[in-house]
Amino acid sequence: MSKIAVITGYGPGLGSALKKRFEQEDYHVVPVSRSSAVTADLTDSASAHNAFEQINEQYGCPDIVIHNVAELIRGEFLSLSDSDFEQAWRSTVLSAVNVCQAVLPEMLNRQTGTIILTGATASTRGGARFAPFSSAKFALRGLAQSLAREFQKQGIHIVHPVLDGIIWSELSQQRFPGLKQKSCLEPEDIADIYYHLHTQKSSAWTHELDIRPRSENF
Amino acid sequence: MSKIAVITGYGPGLGSALKKRFEQEDYHVVPVSRSSAVTADLTDSASAHNAFEQINEQYGCPDIVIHNVAELIRGEFLSLSDSDFEQAWRSTVLSAVNVCQAVLPEMLNRQTGTIILTGATASTRGGARFAPFSSAKFALRGLAQSLAREFQKQGIHIVHPVLDGIIWSELSQQRFPGLKQKSCLEPEDIADIYYHLHTQKSSAWTHELDIRPRSENF
Amino acid sequence: MSKIAVITGYGPGLGSALKKRFEQEDYHVVPVSRSSAVTADLTDSASAHNAFEQINEQYGCPDIVIHNVAELIRGEFLSLSDSDFEQAWRSTVLSAVNVCQAVLPEMLNRQTGTIILTGATASTRGGARFAPFSSAKFALRGLAQSLAREFQKQGIHIVHPVLDGIIWSELSQQRFPGLKQKSCLEPEDIADIYYHLHTQKSSAWTHELDIRPRSENF
Amino acid sequence: MSKIAVITGYGPGLGSALKKRFEQEDYHVVPVSRSSAVTADLTDSASAHNAFEQINEQYGCPDIVIHNVAELIRGEFLSLSDSDFEQAWRSTVLSAVNVCQAVLPEMLNRQTGTIILTGATASTRGGARFAPFSSAKFALRGLAQSLAREFQKQGIHIVHPVLDGIIWSELSQQRFPGLKQKSCLEPEDIADIYYHLHTQKSSAWTHELDIRPRSENF
């Protein structure tokens, strides 16, 4: 029976690079998004649970879940509304809570599993005009630490990679005209690191690491 | 005309110590809570704005706002519900967003003002079984950094004290039976530090500091 | 009998502002440098011990020691020599070790005392071409944490302020032509904060805080 | 021509696990210590340069240097001498400076190369009675950051792994009687991570990561 990798917030760019990388290793990869074979609104607890029940029935318990869902909401603080903050929190934090609550019981039964919650520059530095995104990404980091400290000893590997740079993708090229590929994070190279993190033995687990292009200032 | 200090999430303990300390310095202190003279549900944007309009009309623009609102929601991760996370976020983060949005326009007009957003041990360390509280407190820290970087140059002093210990109060004595006063943070001593932070000149502003009893492990 | 404050690495700028500030509070202030009334080469253990024996005999045990000694040694890594690194370490770290070893026994006898070890931007961020200075300032921070964790419970308050900016002084004006006063840390304003840190009650001690001009990027 | 990996501070435990791991990948591994084929006192600049000249002549420019030299010097602060601090600094920091100065010119010529400077729990937390070790390990971290920011853009990958646990080895079993293997970092598992770090593409480089056994509190 093949191993199962679930990618939430699946899309072109990092999502599809992760899918290829894990398929190379003979994983069955299950994308979860609003438009995948397994669809879910992960900000809704019931929808998240349904999606993971469906995955469990069809494929078995995931060996790894990679959670990349986030929404880059930012702007001058006084131009933002409550709902900007709420949307940032729901998409980034609540979705992660729901995914982890849906997948952890089965992983704990098996006493093994990896959960990667993807962070960003804004996870450790609250920049000007990034209040909704930064506060949500900080919250995700706090969640990741709390989960690691609660579940690591029970065999669950929780990782919080901090992607400190722009991922090269169609989306980023549209958003940042003039963006140069060589100053970007290549999705394939991130995917390689994520796969490696999953293979770490439990005597030597990484909880947090930064990942950035060599040209990035930090 | 006397200076104005607003304390949100006012209650016995830190709130009343802050009131006394600022009154010693001839501040008019305005507590804001669900049961103060100025009442507000700070998790509601309109209610927060109304409260600060009322304060502006009655007393003038606050020189300092001290935001102490938070709710200690914690527990085993799999025993928690979505609404636990949402409530932690609303009480800790959304209330701060609302307060800052309500008070900043007038402070920016005057190009001066202090906002203190109170943090906790859980603001920098996500402990096991503290996921809702820690993720909310991390988020508040990200918000505080973002506000400091956006508004500091316009004369607004944003401070994020990290209270690393238990405040000695009726509430804490009920919650932690056997608690010893000498291992706790004294509200009066915190109040003294908060007042001093407000008096810092803009050539030498502190954004973050830890505050703990000498007996606290860290 | 008046209280005693010792300032090591005394000079114009921060040193003399600290002297004035503590004298306002009726402290007897004892500068220690290569050219003060009490002279010492603080990188030499015996010389440091002699200086503090002299202080103890003449004035009594210091209530507070403020250690500002550091040497800004930097440059392209491959242009630096071993002795650049050694000098940075001796002036910044070894001097602090010697001062703390000379003053702690008497402070521990009295179960009270404050030691402030001054940090800088380079204490938490190792910048390009700052290797000797940054590695020394990081080391000082590690030392300060270790001392706080060993001696705090015995009544000694160890503080590590991180000065994130340039201090306005004759020296800095010579070093950075065109420097503007309003973008600098004012020595008097830092001195005020240092005095306040010394007055913190032991129920609410700060170990680390950042201090920067409102115009400073961070 | 085979690739070259240099391991400084080579010994049983992590050193020999790294040797095996890189040899599996067809690297020629050159241990450097006081008793290896290539001997050096790395705290001495000339000796370090001689060792790397010898390596360059015999094998070619190293593709990777892994620096594991450190000396665990600790104790009650007031029981330590100046020379304890100096020895900790020389063995941990000065040796790294010397190794980097010896190997960087040739790596920069080739615009490629990896340098791993091994950190420890004490690199980010200055514990009680760990002053010499912590201040030295903090200094190494500052050095690593400074080197990364100076040389990353020129193609040199500088990594600072933080080993947060005890490595299972003959030495650790002697030092900590009753030590259990399953609560330790396995040298082979660390070696695997180090090899992977070296294979990271320059679009996605990690500068810092923590590595700990699943049973470790943090």
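Should a chain be cited, it is by its letter among A, B, C and D, assigned in written order, with residues numbered from 1 in that chain.
Simple rule for what comes next: a contact is a pair of C-beta atoms (placed from the backbone, for glycine too) under 8 Å apart; a residue touches a chain by one contact, two chains touch by 3 or more.
Keep in mind it's a predicted model, so treat the numbers as computed, not measured.
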| item | value |
| --- | --- |
| Interchain contact steps from subunit B to subunit D (minimum; 1 if touching) | 2 |
| Joint neighbours of subunit C and subunit B, given as chain labels | none |
| Copies subunit C and subunit D - rotation angle from C-alpha fit, nearest 5 degrees | 180 |
| Copies subunit A and subunit B touch via same or different residues, half shared test | same |
| Longest centre-to-centre distance from subunit D, chain (CA-based) | B |
| Distance between the centres, which are taken as Cα means, of subunit D and subunit A, whole angstrom | 31 |
| Chain centre separation in whole Å, for subunit C relative to subunit A (CA means) | 43 |
| Residue numbers of subunit D (touch at least two other chains) | 149 |
| Inter-chain touch pairs (all) | A-B, A-D, B-C, C-D |
| Interfacial residue positions of subunit B with respect to subunit A in the complex | 45, 76-78, 80-82, 85-86, 89, 93-94, 97-98, 100-101, 104-105, 122, 125-131, 134-151 |
| In the complex, subunit D residues that touch subunit A | 149, 152-153, 155, 157, 168, 182, 184-186, 189-190, 192-193, 196, 199-215, 218 |
